[in-house]
Structures are given as C-alpha cells and as structure tokens.
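In the two complexes that follow, chain A is the common piece, with chain B as its partner first and chain C second.
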Partner chain A sequence: MQEQSLQSRQLYHMTIFTQCFSPCGKYVAAANNYGQIAIFSLVSALSPEANESSRLPIYCFKGCKEGAIYCLTSTDTFLISAGEGDICAWKWSDIHNKAPKIIWSLSLPKKGVFTNPEVNSIVVDKQEQATRLLAGGGDNDIHIWNMENGQLENTLQGHEDYVHSICLKNNGRECVSASEDGTVRIWDARSSSEAVHILEPHKTPMCGRPEMGKWVGCVAMDHGDDWLICGGGPKLSTWHLRSLTPTATFDTPGSCQNFVMYHEENVISGGMKPCVNHWYVNGDLKSQVPTTSSSIYNIAVNTVLDQLRVLSVVGNSCKIDVCTNFGYKAFSLKFVPS
Partner chain B sequence: MFISDDIIKRRLLIDGEGGNDDKRLNNLLKMFIRWTQSPVDEDSNMVYQRILSTISQCEYTLEKSVKVYQMNLEEQQNYETLNQRIENKIEEATLKITECKSELQQAKRIRKNRQEYDALAKVIHTHPDRQATTKQLQSLDEELKTFKDRKQKLEEKLDSRRKQFLVLITAIHELQAILDEDEKKAEIEEQKTEEMETS
Partner chain C sequence: MSASMVLDFERTRTKFLNVIENGVKSGNIQECVTKIQEEDGGEGEKKLVTDQSLRDVIRKLVDSDAPCETFKLVIGCAVEGAIKDICTTTVPFLMLADMFDMLTLEKSEGVFSIVEDNVSVWKSASFYDAGKNFLLRMCNDLIRRLSKSQNTVFCGRIQLFLSRLFPLSERSALNLMSQFNSENVTVFNMQASESKFIIPSEVKVEKMEIEEGEMEEPPSTFPIDYNLYRRFWSLQEYFRKPTQCYDKVSWKTFSLHADEVLKAFDSCKLDDLKSQRKKLDKTKQMDTQTFFAKYLTSEKLLDLQLSDSNFRRYVLVQFLILFQYLNAQVKFKSASHVLTDEQSAWVKTATEKVTNLIKETPPDGEKFAESVEHILEREENWNNWKNEGCVSYVREKLTDDKEPVEKTRVRAKRKRVGDDLMTSAGKINMGSSELTRLWNINTDNMDACKADTRVFLPHLEEYFAEAIEQADPEAQIEDTYKLVNKDSYQWRSLRLLARRSPHFFTQLNPPGIPLNKYLDIMVNKIAQDMPSNSGEGEMDGEGEEDEKNELDEEEPEEKIPRRHQITDSSKTINTVKDDAPLTDVVTKENIAKIAGLIGDNWKILGKELRMQEEDLAYFESEGETAPLNMLTVWKENETRDSKLDVIKSALIKIGQSSIVDSVFISS
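For the complex of A and B:
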C-alpha cells in the first residue's frame, strides 16, 4: 500500500528533462529528475495493435547515482547522459540487452572542495579527425573533451553565470552558448580565447522583457549558419549573424521559451505554457499544439527513419507526448519506472 | 428413391433457371416415344403440336443461356479495360503527387528565404538612407572647410597685427631710450653748471 502511494507520488512529481532517439531510430530514451533513463519502443507504440502496455518503457535503469539527468545525446554506439553527476556513456547494444554499464565517464574539473557543478547541456561534434564532446553547465564554462582519448582539450571561459544550452556552428568550428547571465556567446571552439561575439538580447528594446529576467534558456542555429534563434527571459527572437542584429521576434506573452529548434523551414519551440508552438521564420505563429505537461523542456523530431517520423515532447510530467502529424498529439508514452 | 446431396448439387448446377429444363427434356422424350407408339388420330396431332412447342421452349432456353454466356464474357472484358485504365490513372496520380511534394518543398524554401529577406530589409530600413548620409557628410565637409579658411585668415591677421605692434613697441622703446639719454645728458650739464657756480 505504502509502495503504491510512494510510486504514485513519484509519478506525480516526475519531471522529464530530456530525450534522445536511438541511432537506429526505433527507440526513444528519456531521462528524468530522479536520474532514471527509460527506453521506449516506437515501433510497438506506433503499431496498429498498440495498447496501454506498449506505451510503457521496455526497459528502465538508473543513469545517475544521485541527482537528476538534464541532458542526453547519442552517437552511433553510445548514449551519453549528463546531469548532476558525471557525464556517463552507455552502449546502445548493452541497453538493448538490458545490461547497461558505464563504458566511460567524464567529470567536470573541480574548482573548489564544495562545488559540484551540474551539466545542463551536452553536444557531440563528429568530425573526421576526432569526435568531441562539448558540455556546459553550472560552473559557467564550456568544456570540450576529445572523446577518443578522454582528454580535456579546451575550456571556454567568459560567462558570468551558468550555461543553459550550447549548440554548434560552422561544422563544429564554432560553438554558441546561452547563459543565465543574459548573454549568448559565440566562441571559436579551437582556441581558448574570449568569445568572438556576445549578444545581449535583454538589452535590445525589441526583445527585452525586464519583467521576465535577462536569462537566455535556449539557442539554436539554422542550417545555413546565417541565423541564430534564442529565447528565455527576453522574447524568442532570430538574429542575423552577419550584422548581429535581431530581426524578428516570436510573441509568447507570459511564457519564457525553454527549448527551440529549427525544423524544415519552420521553428518549433516550447516553454512555460502547455503547448508546442510552430512558427514561420518571420515570427508568425503557424500552430499551437496542446501537450500534457504544463512546461516543456525538450522537443525532438525523429529524422532517422521516415516511417517513424514523430515529434516527441517532454516536460514536467511523467508523460511523453508523441505526435505523428505534427498538428496534434497522437498518444502519450508514460514513464513508469519498473 | 436415394436422392443424395451430390445428385441434388449436380442437378442444380446443370439446370439454368429453375429445375424445369431437365424435366422438360425428359418429358419431351417420353412424349415423343408415346406419340410414335400411339395410333394416328386427332389426339396425336395435339401431342405432335405439344412436342413441337416443348422443343421450341428448349431451344429458347438454349439460345438464352448462350447469349448470357457471351454477355458475361463481354462484361469481363469491359471490367478488365476499366481496371487497366484505373491502374494507369493511379500511376499518373502518384507521379503527380511526388512532383507536387517536391514543388511544395521548393515553395516552402522560397517562402522561408523571402521571410528572411523581409526581416533583413526591415533592419536595413531602420538605418538612414545612404544618399542622405553622404549629403550630410558633404555639407559637414564644406562647413569644415569654410571654418578652416576663416581660422587661417584670422591667424594671418593676428600675426600681422602682432608684427605691427612689435614695430610700434620697438619704436616706443627706442624713443624712450633716446629721451632717457637726453635727460641724462641734461642732468649731467646741470650738474656741471652747478659745480662751476659753487667753485
């Protein structure tokens, strides 16, 4: 009885921060604030005979000993998780065999005895010469490791408050980061000098919303590297990088956007309202899709397999909303740790 | 009297419509045999007529079934051609759909580019016109030039006045020196006359 009530209370208070599709495109992994990672099978959830049980995780394991997992990313063989502990890598083949073990792990360099910075965002940069992992988090810096030998190659310092989100630019040569200090900085990933450009959306009258704060929570680059989109306390806005000026804003009254991405000539974003916003690049709202979670932390589109092309949304509930036609929610997967 | 299912099935298959044809043929045969056996009288004429009508009835059913068979064949042909036509149309339609899809992608891309251009144009518009700024720069340059000229002229004037004052002051000093000398000379002469008077 107590077990049951404990479990239902855990489900009620669960927040799923991040998700990631497997390299084959058939599975989706999601990680929550209890440090658990659940794997769902998209094939069985989308099949015509799907029922309640096919929308539960096929496997669930603890990815972080104590603490939450804030970000997941995947390479061809590894699932990499990071949050309040170390950055850990798990093999997808081990996960499919239900026996995952940490293949390697990286930890942020400690600056003091009592500091334990969390990692908020990780990105993998795959090049011919080497594969690198970039991580940004609570210690205000962005660390770059070489994944083949585990060496810390570079640290980009300059932010005055923790880093919310990072993304890559110019085929991995440059890195863009959004931070709580209100700046979006563009760095040269090879050198450890200061940021090449600093954008401050909260200072422009077009985007700034002083009542929401100056923090920038999400940043994304478009495919041609000409446009950057960022949002958070200031309004979600696109910036033209040649002239470093904001060009269009996306109106989300009363809601700060936590996640944004470019998808096929449109922009998809989610934030503190229970809906996923689809926009045209000039700021016009194309559609709003209601979701179960009241705040959205991550949106992902499965581009690996065409027949499993879904849009999945996670937020501060135990449900993962899956949309096959991006205009409405088809069904929800439920993160129930077994 | 052992009418089993197989026989019933066979009978139903053979007979076209109703169960009459088989019975009619049997009846015809029986009538014919009876007629050949019976003597020639008015009854036999009637039976003869009846035989003829039965024969024509059988012929009629035969013709009908042959015509029905031909009709079925033609219907089948018709459906085959229709099927083929529909298949062709489906192929065409799928081709068109793929074309339209790629056109749609292209149009979406164009729209996105147009929106980006519009956004850039808006930003550019906020900055002032290039011609206006060049004109402003030109007028400022001219003003600067005139001021420089004035400054130069004033400096030259100042210089010449200074020189003139210098000349004036040196003349005054020289005059002062001459006057001092003269005074001294006059004093010395006075002293001399005083000495001469007292001695």
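For the complex of A and C:
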C-alpha cells in the first residue's frame, strides 16, 4: 500500500525533460527528473491491438546516479544523456538487451570545489573527420569534445549566465547558443574566440517582454541557415541572420516558449501553456493542439521511419503525448518506472 | 323487345381491336370512339369488350416493339374512351400496368413520360379514385425493379410523379412510425486481424517482445490511429439505430466515443483554404457539389477524411439529427425511450459543441450552421404534424352562397375584407391551430388597432424622468453619461416633444444652439411642469386625468393653428419671438382687463386655470373683486413659464376668445 502511494506520488511529481528517437526509429527514449530513462516501443503502441500495457515503457533504467537528466541525444550506436551528473553514453544494443552500461562518460571541467554545473543541452556534430559533442550548461560555457578520443577540444566562453540551448549552424562550423543572460550568441566552433554575433531579443521593442524576463530558452535554425528562431522571456521570433534583425514574431500571450523547431515549412513550438503551437513561418498561428502536460519541455518528430512518423510531446507530467495526425493527440504513453 | 342481341364476345373483340388499331395508325381517336359507340349491344357488355380490346392492343404493341409515340396514342385513346364512357375508368391504368410489366427497363424509362405528362388527367375527379391504387402499385413495382444507385434518375422521376399525384397527407407516403433506415450499415475493421496494414517487424536480433505481423499488403506510409478509427466508425452504429442510446450501457460508450471524436475535431482545426483563395484571386469559386451515398471506411483514409470539411459537416449534422430525435416527442416512441436528466444535460452541451464546430468549419461555416438549424426546426414542425395525425393542410373555403348575387347588386359599396370575417360569427379557422388562436384574439382588426395597448407614445414625464434626474446639479452626473448627450435619445426626444409638448413651439431658440443644450432647457421646462401637474392632480381629484389627457390632446390640436400662423408669416414670428420674453409676463393691466370682461365666467376660468375649489369658494365670498383677486392670485402662483399662453388657451377653451382678442394684441 505504501509502495503504491509512493509510486503514485512519484508519478504525480514527475517531469519529463527530454526525449529522443532511436536510430532505427522504432523506439523512443525519455528521461525525467528522477534521472530515469524509459524506452517505449512505437511499433506496439501504434499497432491496431494496442492497449494500456503497450503504452507503458518496455524497459526503464537509471541514467543518472543522483539528479535529473535534462537532455538526450543519439548517434547511430549510442544514446547520450546529460543532466546533473556526467555526460554518459549508452549503447543502443545494450539497451535493447536490457543490460545497459555506461560505455564512456565525460564531465564538465570543474571550476571550483563546490561547483557542480548541470548540462542543459547537448548536440552531436557528425563530421567525416570526427564526431564531436557540444554541451552547454550551468557553467555559462559551451564545451566541445572530440568523441573519438574523449578530448576536450574547445570551450566557448562569453555567456554571463547559464546556457539553455544550443544548436548547430553551417554544417557544424558554427554553433548558436541561447542563454539565461538574454543573449543568443553565434560562435565559430573551431576557434575559441568570442562570439561572432550577439543577438539580444529582449532589447528590441518588437520581441521584448520585460514582464517575462530577458532569458532566451530555445533556439533553432532553419534548413537554409538564413533564419534563426528563438524565444523565451521575449516573444518567439525569427531573425534574419544577414541583417541580424527580427522579422516576425509569434504571439504567445502569457506564455514563454521552452522549445521550438522548424518542421517542413512550419514552426512548432511549446511552452508554458498546455498546447503545442503550429505556426506558419510568417507568424500566423496555424493550429493549437491541446496536451496533457501543462508546460512543454520538448517536442520531437520521428523522421527516421515514415510509418512511424509521429510527433511526441513531453512536459511536466508523466505522460508523453503522441500525435499521428499532427492536428490532434492520438494517445499518451505513460512513464511508469517498473 | 329484348334489350339487346347477344353480343358475340370474340367477334366484337377482334372488331374493336381493328378499329382501335386503325384509329391509332391514323391518329384519329374520335373516329374509333364513334365507331365503337355505334356498335350494337348493351352498354355494359360493350365496355367489357372495349376494355379487353384495349389491353390486347397494348400487348400487340409491346410484342411488336412499337415506339413510344404509339403507346401514347393508345393510352390517349383509352382516356378518351373512359371519358366518353365506352370503357371503364380503370382500363387506362390496367393498360399502363401491363405495359410496364412487359417492357424492359430501358423502354420503361422512355415510356414513363406518358405517365408523367398526364398527371393532371390522373388527378381529375373521375380518374383519381379509380386509379390511384393502381398507379401506386405500378410505381412501387417499378421502383423495386430498379437499383437506387444505378438508375437514380429514373427512381427519382417515379418518386416525383408519386409526390405530385398524391396529396400531402397521403398516409402511405409518410414515415409515420418515424422509423430509421436500419439497413444502412457501415462496415469497418473492428478487429486488428482484419486490418491489412500491420507494420512488419524485424525478426532478427531483437530479443524483446515484439509481435510478428504478417505482411499481406504493403504497409501504409503513415501511422494510423486505430483508437480514433474504431471509435469514430462505431458512432455510425448509433446513428443508424438511435433507440440504442436509451440503453444505459450503450449510452456510456456512445457518449465516451462522441466526446473523443469531438475533441479530435476541435483540436484539429481546418484551414480555410477557400477564403484564402478568395483573397488572392478575388474570383467567385463555384461550389462543387459533393455527394456520396456511403462512407468509405478504410483506415488509410481517416486522416484525409478528418481534414475534409464536407466529411466533417456530414458527421456533425448526423450528430445534430440524432440529438434532435432523442429529445423529440414522437408518438410512436415507447415509454422507456426517455433521457435522464444527466443524459439530457450531456446532449445539450454536446449540441452546443457541435454547433460551434459547424460554425468553425470553413467555408461559410456560419451560413451552413444557420441553414442546418432552420432545417431542423422545420423537421420539428413536421414531427408535430405527424403527432397530431397529419391534419390536412387545405384551407377551408368560406361558404357564402350569396356572394355572386351580392357582387352584382352591391357593386357600388366596396366589399371590405373584414366584413366577411365579421359575418362568420367572429371565429375563424385559419387552417392552423396557432394562427387561429392568434387571429381570434381580436377578430376585428380596426378594434385591435385602436386598443389601448397599442398606444406606444410615452408620456412626457415618463420619458424625461431620467433626464430630469440627471439635470439636477446636485446629482453631479458627468456630461458624458447624461442621456441628453446621446444621439438616439436626442432624436427620439425631439419627436416626442413635437407630439406632446407645448414648449416645442413656444421656445425661442437662437439658431445653432447645440442639441444637448436645447434638450437641457426643455427638460427643465418639463420638470417644472411636472410637480405642478402631479400636485394639482392630487388636489383636484375627479377629472384630473381627463384634464391632463384633454390638455395633452388639445395641445396638438392647438399647435396646428399656431403652426399655421407661424409658417404664414416668418417675419412676424421673429418679432413675436423676440418680443415673447418681454411680454410673456401677464401684466397687471391685462389682468384687470380680463377681470373686467370675464364677468360671471370667472369661476369657470378659475377651474380652467387649475385653481383649487377652496380658493374659488374664498374668492366668491369676496364678491365683486373676485375675478381680479382670483386672477392676481393665479398670476402669482402660476409656475408655468408662459403664463400668457396659459391664460390665453384657458380663455379660448371656455369660449371667451373675444376677451383674448381684445385684451391681448393677437399676432
């Protein structure tokens, strides 16, 4: 009985921060604030005979000894998780065998005895020469490791507060980061000099929302590398990179956007309201799809397999909403640690 | 002498056959008829023979594959014959029935035009009773032979013909029992095994539990939401048989599924492509007519169907029809088919949701929603009509035999519409119970129009009461809130003043005074009038209301002569108006003059000037100086502004206009 009530309380207070699709596209991994990683099978969840049990994780393990996992990413062989501990890598094959073990891990360089910065965002940059991992987090810097030999190649310094999100530009040569200090910085990933460009959305009258704060929580690049979209305290807005000026804003009154992505000529974003917003690139709202979580932290579209092309949404609940037709929520997966 | 020779049936039959055929060939029906009539034999027997010959003719024509025209002629011949009474009235119908029984469907389609064209003939008194059953049976047989989806047009023609032939209340044409088309079953894949779109899985190295699907058909390119699919199509089962909804268990599933589907509709908004196109092209797009007889239920289509506005509309309208049925009172519903309160509440909220969704569905969602509502209302009316046993819609004619005579005699006096109605004892049947009730509230239109309840013009005091309150400086109401500053109030108050207030025509205005200021002045004047009116009203007691009304009614009358005066001479108006404030006060000399001239009538004048009874009695006791005293007292007490007008009007009223002329310089 106590076990049950403990479990239900745990479920109630669960927040899923991030998710990631497997390289084969048939599974989705999600990580929560207890440091657990759960794997769900999309095939069984989408099958005609799906029932309650097919919406539960097929396997669940602890990805972080103590603390939450804030970001997940995947390469062809590895699932990489990062959060309040080290950056750890797990083999997908081990996970499928239900025996995952940390293959390698990287830790942020410590700046002091008591500092223990968390990692908020990691991105893998796959090049011919080498695969690199970029991570940004609580120590206000962006670190770049070479994944082959595990060496810390570069550190991009300049942010004055912690980094929320990073993404790549120009085929990995450049990197864009959004931070709590209200700036979006564009860096040359190979050199360790200062940021090439600094954008401050909170200072422009078009985007700034002083009542919400100046922090920029999410950033994304469009496919052609001409446009950058960012949001957070200031309004979600697209910026033209040649002129470094905002061009269009996406109105989300009362809600700061936590996550944004470009998808097939449209923009998808989610934030502090319980709905996923689909927009046209000019700023017009296309549709709003209600979700179970009242705040949204991550949205992902499974582009690996067409048959399993779903949009999944995670946020501050234990449910992962899955949409087959992006217009409405089809069903929810439930993150119940076994 | 015996009536007739024995008629040789066979011989006469062949004879008539030839006659008719010849007649048909030559196109001369009249000839056949006369020839047949000439033939010897009893009437009844001849009729039998003619009937038989006609049917023979038809048979021969069918055998010989004759063109449509010939059939037409023969039928025409039969009709003529029936009218001329050489054959029975049922024979044309029998011939038609024979014809359709023997002909192929293609030919029948061509030949059916004969039936359609002669609707008026079939409807005429002589043929109708005899033939309607035949025709009905014949048409039903035809329809049964036809397939609704293959020969839709022909089926339609037959149905149209039937609807023209029979009156509205023909029972056999009605769905009296309000039964539903239970044969319209929508088939869909309930079980997963029936689905052909299971995704294949890799059987290789994975050691986790994955089901092994069979690949029968290439898998779909996009994932399918089976949950929604099943729930969506299961709704069709409820639409097909709404009586299921009354059962508690099925109701639960129904409401659950319906909620989910409506939620999916709600979050998946449709793009209004048409209006976007309109903005770009600015050309009018013709609405393509879409119609499909049955739903296609393949899983692959669900996504596309969800984003199709026509499909959505169909389903949403189905919901509305179902909800209307559940709530409607139908005579043939069993007693257990009643919704509980909870269910009714759910139905209500669901109806609102559905109506909103319809309004949001482009293109022209609002218009569509209105039309649907209108249609459902009419459906309710039809339902009520059926419940009352299909009351005839034909309006009863007023039988007035004397009419034609009266028309010739009383040409000079124009007949009034109302007279007819009044002569028929006041109670008219208008054809519908509701209209009858309304009309019989007051059958005499003139009376009804004159009734007191129709006086809509408010009294000055009522209308301006609020404005008077606002005008009070102690109330400190801001200008923007004052009624007199509102356009609509201003306009209406001007109209009312023109009809009711004497001040309208006596108030001098510098031209160009803003309207709200003018109204302020008028409001003040009316306010001053008011207390004196109400005060005196109480004191006078009897006749107070009459006086008030009289005055009110008098003023418009009096204003008219004044108006004429004013319009006649504009110059004098100006001068009069300019002088008015100065001479508005009734001077002492005037009073003295009036007093002198009024003589014994001073009491009447006093009453007219609204003096109290007790005061008048007091003055009387004073004797000779009574008029002067009375008038002086009146002058002091008079609160109304234009004392001059008051005394003038009072004098004129009591018939002392001569005094007016002599005392006051009339303008």
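Before moving on, here are some points about what is shown:
By definition in this document, the second predicted complex is superposed on the first by the 338 of 338 C-alpha atoms of A that agree within 3 Å, B and C clash if a C-alpha of one lies under 4 Å from a C-alpha of the other, contacts with A are read in each partner's own complex, and residues count from 1 in each chain.
By our rule, contacts are C-beta pairs under 8 Å (C-beta built on N, C-alpha and C of every residue); 3 or more make two chains touch, one makes a residue touch a chain.
Treat the numbers as computed from the prediction; the structure is a model and nothing was measured.
Of the two partner chains placed around the shared chain by superposition, chain B is the only one that A:T247 touches, whereas chain C remains out of contact. With both structures placed on the common chain, the touch criterion links A:N282 to chain B but leaves chain C unconnected. Of the two partner chains, neither chain B nor chain C is touched by A:L11.
Once the two complexes are laid over each other on the shared chain, residue contacts for A:E265 go to chain B alone; chain C is not touched.
Shared-chain residue A:W227: touches chain B; no touch with chain C.
By the touch criterion defined above, A:V301 reaches neither chain B nor chain C. Shared-chain residue A:N97: touches chain C; no touch with chain B. Comparing chain C and chain B on the residues of chain A they touch gives the larger count to C. Within chain A, not a single residue is touched by chain B in the first complex and by chain C in the second. Across the interface of their complex, chain B is touched by residues 226-227, 238, 240, 243, 245, 247-248, 264-266, 280-282 of chain A. For chain A in complex with chain C, the residues that touch the partner chain are 41, 43-44, 46-50, 58-59, 96-98, 286-290, 306-310, 324-325, 327-331. Here chain C touches chain A in the complex through residues 189, 191-192, 195, 197-199, 201, 206-211, 213, 219-228, 263-264, 267-269, 271, 303, 306-307, going by the rule given at the top.
Residues of chain B touching chain A in their complex: 108-109, 111-112, 115-116, 118-120, 122-123.
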